[in-house]
Amino acid sequence: MSDIEKTKENLIQKFPALAEKTQITRETRIWTEIPFELFLPVFNYLLTDLHFNVLCAITGMDEVTQFSVIYHLAKENQLVVSLKVILASKEKPFINTITDTFPAADIYERELVDLLGIHVNGLKEGNRYPLPDNWPQGEYPLRKGWTADRLKKKEGGAPNA
Amino acid sequence: MGLIKKIVTWGRTKSPWVLHFNTGACNACDIEIIAALTPRYDLERFGVLLKGSPRHADVLLCSGPVTRQIGDRLKRIYDQMPEPKFVVAVGTCACSGGVFKGCYNIESGIDQVLPVAAYIPGCPASPKAIIDAVVKLLKSLEES
Amino acid sequence: MPKKVRIPVGPQHPALKEPVSFSLELSGERILEATIRLGYNHRGIEKACEERSYIQDLYLLERICGICSHSHSTCFVQAVEEIAKLEVPKRGLYIRTLIAELERVHSHLLWLGVAGHEIGFDTLLMFTWNDREIVMDLLAETTGNRVNYGINSIGGVRRDITDEQIKKIMKAMDTLEERTKYYIKIATEETTIIQRLSGVGVLSHDDAVKLGAVGPTARASSVDRDVRRDDPYAAYGEIKFKVITDNHNDVYGRTIVRVLELMESYNIIRQLLQNIPAGPIAVKAPRKIPAGEALSRYEAPRGEDVHYVKSNGTENPERVKVRAPTLANIQAVAHMLKDRYLADMPIIIAAIDPCFSCTDRAITVKDLGQKSEGLMQWGDLRKYSIEWYKGKGIDFSNLKKI
Amino acid sequence: MKGPGRMLQLILESILKKPSTVSYPKFKEAPLKSLRGAIAFIPENCIGCKICMKDCPAGAIIITKIGEKVFQAEIDLSKCIYCAQCVDSCPKKALEYTTQFELAALDKNKLKVTTSGKLQTTTQNETPKSE
Amino acid sequence: MGQAIYNILVFPGLFFLILFGWAAEFIDRKIYARGQKRVGPPWYQPVADFIKLAAKEDIVPEEASATSFKLMPLIAMASAVTAFFYIPLWTTEALFSFYGDIIVVMYLLTIPTLTFFLGGWYSRSLYSTIGAMRTLTQLFAYEVPLFVVILASALLANTWSLSEITKFYALHPHLWIFNLLGFGIGIIALLGKLEKGPFDIPEAETEIVAGSFTEYGGRLLAFFRLTLDIEVIVGASLLAAVFLPFGLNLTPAIGFVIYIIKVLFIVILLAVLRTILARFRIDQMLDFCWRYLAPLAFIQILINLLVKGLLLR
């Protein structure tokens, strides 16, 4: 049995609820989808027991009916597990920070805050994310249906000075 | 008076010091600007020196589509430059926004913010194109 | 007595060829605290990708960064090809890999020059950039453009390579190898360079892992990671090469890693050209990519590049996520700047070979909540400086009486 | 062996040797054939499918119909990113790249290039020939 | 009287100095460029730079104190030019001379550096301030070795006047060989004084933009640059007079040519040095100057004392 199958086996054994949603997409990639409640246990299991200790990226997504956040974790830079977390609320989406384990996650989480309006519990205060300082409140460009016209309307059509 | 004016114009066309400002470009134009200063192309032949301080510069080389964040800083840098000063838009992005036109965070082109003296299209503008533009700009200065 | 000065570095600063703002808290010449504000280069590419077709995205993503443009476009097409289940012909993959390695050569030579410039050694800049033109010529000839090559298409590459070009590249590799050997000699022998590089910007192995450093920055701290070997893509599975690591942990180590990687790249290019198979270079891709998602990893010259693409069966992707290598490395910079001299600032920042246009994010790396107490008055500043140098065994206050 | 000034020999040599600078723009060598420069439009071949407009990443090309089977292309050089995707996309080879790269202009309006086919007074099957 | 004014303003005074300074700047930049495989600037470049800057708008930063800010370039230039008159050029006789002028020249040569510092300080910009700090810090590092080696040379000649020193060495031409170490130290210290690489720390472009000169533009910058050009000539002339005592007893015409060659030799030496070396860090510079340069300078004194005791008894 290859590493990747072993990893899948282990994961399903520990969390039987994941059995349906876990699949091997390629010889080095596992994809799994979990609800928000399961995030911390699965994340910690992957990190401590299966040694997925490299954070590749965090992708936030607006899937119209729900928000989801994908954590791409790698193990010794070979196997990559994409952990898709479905967020609990569409209106007030939130996640918990993982900056305690990965200080580098800071920027990815800030990106979620700025571009998608996902609240990150426990994220330290700091400079803004990629958006400029004078960016209007409540505008989240990566949300579906958001277009740059909205911005123009809000600024009264005048380009930002 | 005519002679003095002629001498001053001569001085100006023979010694354009440039300040390079990346206004949100992809780097390609920036490295091509540097490449234009290195041995193969050597802009110093035309008296061009790359300067760090806006106070010393005559020409502002801008590359990039001007992001919202950088727009007012660009203006501030321009204000700090002593007269006479020129702005040159290097690369397609600086000319019109290029591929980034329509992105929510850009102003699409330097001429939306500052008066531009010369446009250098190209993605990126190759060092030769930059030299060509410098020569064209200097020639137009000489004539005016 | 106010003790700290806060100086802004950027967004326009000669040391930075790109806009980024560092706020440095100085005590004398020593940096106490560095805060990074990114995002000057944020153009909203990820959103724009969702609004455009795959073909347009290819060129848009290529322009995330002009230095590692091939990295981003390859990373993206790999993801799209995986979703669409396209089998790229071998020859296409070889050409893709060839351009990737040529890009690495140009990028590392560029870095070597920039490093020279940052430590006030413009001569090195001029010589390396002069040699870099050889690579630029090769790239221009094989792809049609000096930078932003536009060689990738979904399903393969756009231009074939001729035998004449192969011969030319082979010949150029010999010249470059000889030149690189000279630079290795210079980098390891020239005292003024070593003095400025060694012991500067130290990043220990554990810190590198913790802060998520990638690429040569991590490899110089003996973190043995390279996507080319660990998760082979394109033609790397069929090529033999070494992954260079170094245990100096500092800027000097990063220089060594990069120059040795250059030598490794020449080997890879030679192998590629010797073994390049005949055949088609591309397969035709559908305009509409079937629904699916893929994560693609790529070893860019600066480190690991990650693209995540999700498609929904239309001509436009649903989500494109880009994680550029600099984004991973930038965390380490604030850490490395701490307790160093102001004079080391440019080279430390340059040592990760930053590419803020890739990164276009904004973040406070560290905020201790310490507020500096305004600009110091001259007397205080001087007193402070004298005291600081006294600590180093140099006493100015007495010197004045000579 | 370590020491300062290791590049001395090379530098003294290069002072005496010819510099590696090309004397552009005084002597212009022919640009590389493979170079992707400004895009040229061949009106005779155009069938007005507008795939080029659709695929252009920068929206730099606009094809308009000005008569029966006659089309006009407006290429904005200040928007074009010289990727030549339109050349690849065109099914009838109505677009091709040239090696022209010295495009700098002091006036932005000069960067708009309009090429159009000849308007025919009578409807003929023959395609108009440009001189 | 007319002769004195002519000497001060035209030859060998201001006008000659400016022309020679420009020529030296051109040679320096050309060598630098050619060493880097580049073509480099055309011969009229320094003139064009000066004219362009002089015709540009003057901007005084709002927070700067205008008078001091504007005065600095003039003070710098005046002192550099004044120092020139006390240095013997192609004869053993300087334009003006008195017993102890060696001290005056050294002080006058310190003034431009101080004005760089003050100019940077009055700019009230952060980069200028740091540049000013570094200027001053550096001053302490190179000034002592420079002083010491020149005094060592004076010690051997047993005089405190530059003209007397040259006269002495013209009489004992073989003695310059003992001062070779001093000449080397002098060249390095001069690099520091002129803020040229590898000691361009106070105006390190990649660190602090342009140091003290960050806020200077237009006419004021033109004068600062001119001062630096003149300082090159004055510094080189000083080293030439003290350490290279050749061709002083010949006819003025030949002596003049030899003088030009001597100065250009030093200028070329400086240019080559700045091409082959990477910039020091300020702490490394201090370390270098105090650990190696200063002790070596004192060894020079020791040598000269020995020579004096053994050979010139």
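Note that the chains are named A, B, C, D and E in the order they appear, and that numbering of residues resets to 1 at the start of each chain.
The rule we apply is simple: a residue touches a chain if its C-beta (ideal position, glycine included) is under 8 Å from a C-beta of that chain, and two chains touch if they have at least 3 such contacts.
Source: prediction; values computed, not measured.
Where touching is counted per the definition, the chains common to chain C and chain D are B, E.
Counted as hops between touching chains, the shortest connection from chain A to chain D is 2. Put simply, the chain closest to the centre of the protein, by Cα centroids, is C.
Here A-B and A-C are compared, and the pair linked by more C-beta contacts is A-C.
Distances between chain centres, each the mean of the C-alpha atoms, put A farthest from chain E.
Averaging Cα atoms per chain gives one point for each, and the point farthest from that of chain B is the centre of A.
Separating the centre of chain D from that of chain E, both taken as means of CA atoms, is a distance of 53 Å. Chain B and chain C have Cα centroids separated by 25 Å.
Each chain gets a centre from the mean of its Cα atoms; for chain B and chain D, those two points are 22 Å apart. Centroids built from CA atoms put chain E at 35 Å from chain B. Shared interface positions of chain A, i.e. residues touching 2 or more other chains, are given as 130-132, 141. Taken residue by residue, chain D touches two or more other chains at 4-7, 11, 19-21, 57-58, 81-83, whereas all remaining positions touch fewer. The set of chain E residues that touch two or more partner chains comprises 33, 35-40, 127, 205-206, 209, 275-277. All chain pairs in contact, by the document's touch criterion: A-B, A-C, B-C, B-D, B-E, C-D, C-E, D-E.
If you check the complex, the residues on chain C that touch chain B are 11-14, 17-19, 39-45, 47-48, 51, 56, 59-60, 63-67, 69, 110, 113, 125-127, 129-130, 132-133, 136, 145-148, 355, 357.
Those residues of chain C lying in contact with chain D across their complex are 52-53, 55-56, 58-60, 63, 123-124, 127, 130, 140-145, 148, 150, 153, 158-159, 182, 185-186, 188-192, 194.
Put simply, chain A touches chain C in their complex at residues 25-26, 28-29, 31, 53-57, 59, 61, 70, 72, 76-78, 80, 82, 102-104, 106-108, 110-111, 114-115, 124-132, 141-142, 146. Chain D meets chain E in the complex at residues 4-8, 11-12, 14-15, 17, 19-21, 23.
Residues 39-42, 45, 92, 95-99, 101-102, 111, 116-123, 125-126, 128-129, 131-133, 135-137, 140 of chain B are the ones touching chain D in the complex.
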